[in-house]
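Chain nomenclature is as follows: A, B and C, assigned in order of appearance, with residue numbering initiated at 1 for each chain independently.
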Amino acid sequence: MSGTVTAPARRVAPIGEALLALLGIAAVILAAWAVPWLKFILTVALAKGIAVLGILLLLRAGQVSFGHSMFLAIGAYTVAFLAPALPEALLLLPLGAAIAGLFGLVIGLFVVRYRDIFFGMLNLALSMVLYSLLEKLYSLTKGTDGIRVSGLRFAGITPDLATQEWVMFGLALGLAILFGLLVRAYLGSPMGRALAGIKTRETRLEFMGVSARRVLLAAYVLSAVMGGVAGTLVAMTSRHVTPQLAYWTSSGELVFIAVLGGAGSALGPFLGAAAFELVRVYAAAAVADAWQMILGAVLLLVILFAPGGLWGMLAGRLGRRP
Amino acid sequence: MSGPLLSARGLRLAFGGVKAADGIDLDVMPGEFLAIIGPNGAGKTTFINMTTGYLKPQGGSIAYDGEPILGLAPRAIVRRGIGRSFQLPQLFAEHTVLENAALAIAARSGLWSPLTPLLRPAWRAEAMAVLERFGLAPLAEARADALNEGARKLADIAMAVALQPRLILMDEPTSGVAAAEKMSVVETLVRVLREAKVTAVFVEHDMEVVERFADRVAVWNQGRIAALGPPQQVLNDPAVLRDVIGIEPAHHA
Amino acid sequence: MGAWFSENGLLIGLALLDGLANAALIFMVAVGLNLVFGVLRIVNVAHGSLFAIGAYAAASLGLFLASLGLPPAFGFAALVVAAALVGGLLGPLIERLVLRRIYGQEEVLQLLVTFALFMILEDVQKLVWGVQPILQDAPMKLLGTVEVPFGEDTIPFTAYQLFLLPGVALATLVGLAWFLRRTLTGRVIVAVTTDKEAAMAMGIDAAKVTLLTFTFGAALAALGGALASPTTSLVPGIGAQTIVLSFAVVATAGLGQIEGAAISALMIGLGRSIAVYLAPEFEVVVPYLIMVAVLLVRPQGLFGVLETRRV
């Protein structure tokens, strides 16, 4: 049985998955310690991985959101807007997540009525509304110049720059682990299994007394929250937010990462995000004007020749047939 | 326990010029097995679709347990205790048979737990118990899209039964089941439903099944009920045999 | 009231004319997207890149011809030739090499494959034409301006935007409708759109139809770009802008609707240009608000048909 983007082909024993996760965590910490300039890239990769976990949830329902980076932007701009008045990072983080979740609920109530192309396009349209507002309402957002984020405090302390980088890295890693475990549990729970049922047999859910829309809405809100968390982390790490965060191509990148990493495991998004950011950095260094082309080619190759993504390739080596 | 469990009055629905329901009056009594027979296109499935809220009739009323259910969404009707199975089994193709059954149990008793596994010990045991009753236990770990038609059919009904309905509507439960195993499948089915004290309405084409297992038979023809009564009586009515079932009485005898 | 009108009435008149020209261009792109979706069942994210490359190619060719000392009228030939070249070369290349491998696969995959194409074509465009703005407005200048009577006043407007753009769009609409309904090839395309299996069973070469349709759709996008090129400076990112705008048009109209796309392109084009004069901050938002509002009321789009699920 061949694997597809939205359904894993093989299952890896939980113990194997746990070992891989531990190995990955160790590797990430080691890399950040040994190669200091990688720390920033890995922090962003971990943050994006959290957002991609949200994409993965929706992919399990067979739905693809081509506008999900709007929640990332909401989280990021929450930090940018509030930081001058409230510089405490440990408060801004949950605030960004909560506000993104609130938007997720309102937008979700609308978009979960649609499926497939229409679901994707509505998300895209709404993210473009946000993008345009961020770009045009210059007095509030400084338009495409974006807003600098500075003077963050962590539990009341203002660390020096080097320490702050480590703190952000640690925060991102901790949250990545937390949300990775959360999504893993969610996908195995009745909610998660019903979510996967939307893809194959939505009407049956209704005839079991279950509202498919509510099942999708719950996942949508959760994915919005994770997008918000990712956004706050990106804003605090790069200390600069621009409307580009909400542009549809940024959403496309998130879906790209989801497929690159593979939807078979909660580890996939992080594998994908790390690979994506590294390819981007190296491609940009090697051929400044063609990094996007290289990423596009990688994506094409992955889809055409390894539809299970990086996780699928790993699982194929380590896994047993279900 | 005196009144009917399900009571339809004057149901009317036309698709373009075709009358799928042309004044259907039907009472289903608690505990009975009512078979619906009739030619294709007579409106049998339409009746099930209207009762379960999937189609809205243009006129008439349906009461369940004395209360009107017309206009309710399918899931609200299911929650009141009306289950259904499908002519084309509606399984979650990428889930295992066990997960399919467990999802039905979850739907009944608590879907909204986002952190505990679907296959928690209690639900796994209950799902296995349901599958065992249907003889599906050996297939529990198989993916639903890997089953043969007979097993898919049973799994489909098992999901409806796992919801613990008081009334179940089954659309051709034996179509697609291999002839050799048909009777044993129906026997299993009837035993499970009797044990669980479920009232059943089922659309059926096999007259032997109807004769052996139905308490009453309703004969559908062009959106109307042409005859209603015990199998021995209805199935020996020459007019029914000729006009509806399409066989000459002599052949049947 | 009179004073307000003489001050703002002209602006509104200008907005209407602008909107019409705008709508004509979006329609050209959206109708190609729709046609391709109808036959291939793929929403081509890279469709906007074909628009952009068509625009750049037309501008380059026009500038090249002008540098040879040819009269400015050759600029019009440049528009058509560039569109045909881009559609005729890139269309078959993309369909044969990439899209052919993913027919019938998961929607997510198809979307992402065209997204990958988009990323590649964006950089191709930057590598070939750079990031400096390019303007070749000779065709628009050549046709001059027309004084459009509006109330007691007149509004000066370029004949290119007033006549040529809407004219080409209208011709495309009428021609396409005629082609699909009255010619054999057109009816074959419609047959494949409606029921691919049945069409193939009747001996229709679906592979050929797909290739033809995609190439044609690509050429329409490129022509849209070529026609747009004299009206604006070309900068990186116009492909990305165009594709989301045509998504909005297509979703508002309903997938696969050709006349519907014309109407929703008009709605969105006019809505946008009116917003430019009334509330410029919200100009870019208007298309999406229109789309969202329409889908709230009609989930399948203005002219789309609901597909019912069988139980």
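Rule of thumb we're sticking to: a contact is a pair of C-beta atoms (placed from the backbone, for glycine too) under 8 Å apart; a residue touches a chain by one contact, two chains touch by 3 or more.
Keep in mind the model is a prediction, meaning the values are calculated, not measured.
J.: Closest chain to the protein CA centroid?
T.: Per-chain C-alpha centroids compared to the overall one single out A.
J.: Taking each chain's centre as the mean of its C-alpha atoms, give the chain farthest from chain A.
T.: Farthest by centroid: B.
J.: With centres defined as the mean C-alpha position, give me the chain A-chain B separation in Å.
T.: It comes to 44 Å between the two C-alpha centres.
J.: Taking each chain's centre as its mean C-alpha position, how far apart are chain B and chain C in Å?
T.: From the centre of chain B to the centre of chain C is 51 Å.
J.: What whole-number Å value describes the gap between the mean CA coordinates of chain A and chain C?
T.: Here chain A and chain C have centroids separated by 32 Å.
J.: Which residues belonging to chain A are in contact with no fewer than two other chains?
T.: Expected reply: 203.
J.: Where in chain C do residues touch two or more of the other chains?
T.: 311 - these are the residues of chain C that touch more than one other chain.
J.: Can you list the residues of chain B that touch 2 or more other chains?
T.: Residue numbers touching two or more other chains: 90.
J.: Using the touch definition from the top, list the residues of chain A that touch chain C in their complex.
T.: Of all residues in chain A, those touching chain C are 4-6, 59, 62, 64, 66, 110, 113-114, 116-118, 120-122, 124-126, 128-129, 132-133, 135-137, 203, 247-249, 252, 255-256, 259, 289-293, 295-297, 299-300, 303-304, 307.
J.: Hey, which residues of chain B end up touching chain A in the complex?
T.: Within the complex, chain B contacts chain A at residues 52, 73-76, 78-79, 83-84, 90-95, 99, 102-104, 106-108, 110-119, 143, 159-160, 163.
J.: State the interface residues of chain C toward chain A in the complex, per the touch definition above.
T.: It comes out as residues 43, 45, 98, 101-102, 106-109, 111-113, 115-120, 122-124, 126-127, 240, 244, 247-248, 251, 255, 280-285, 288-289, 291-292, 295-296, 299-300, 309, 311.
J.: Which residues of chain A touch chain B in their complex?
T.: Residue list for chain A touching chain B: 1, 7, 182, 185-186, 188-194, 196-197, 199-201, 203-211, 215, 218, 322.
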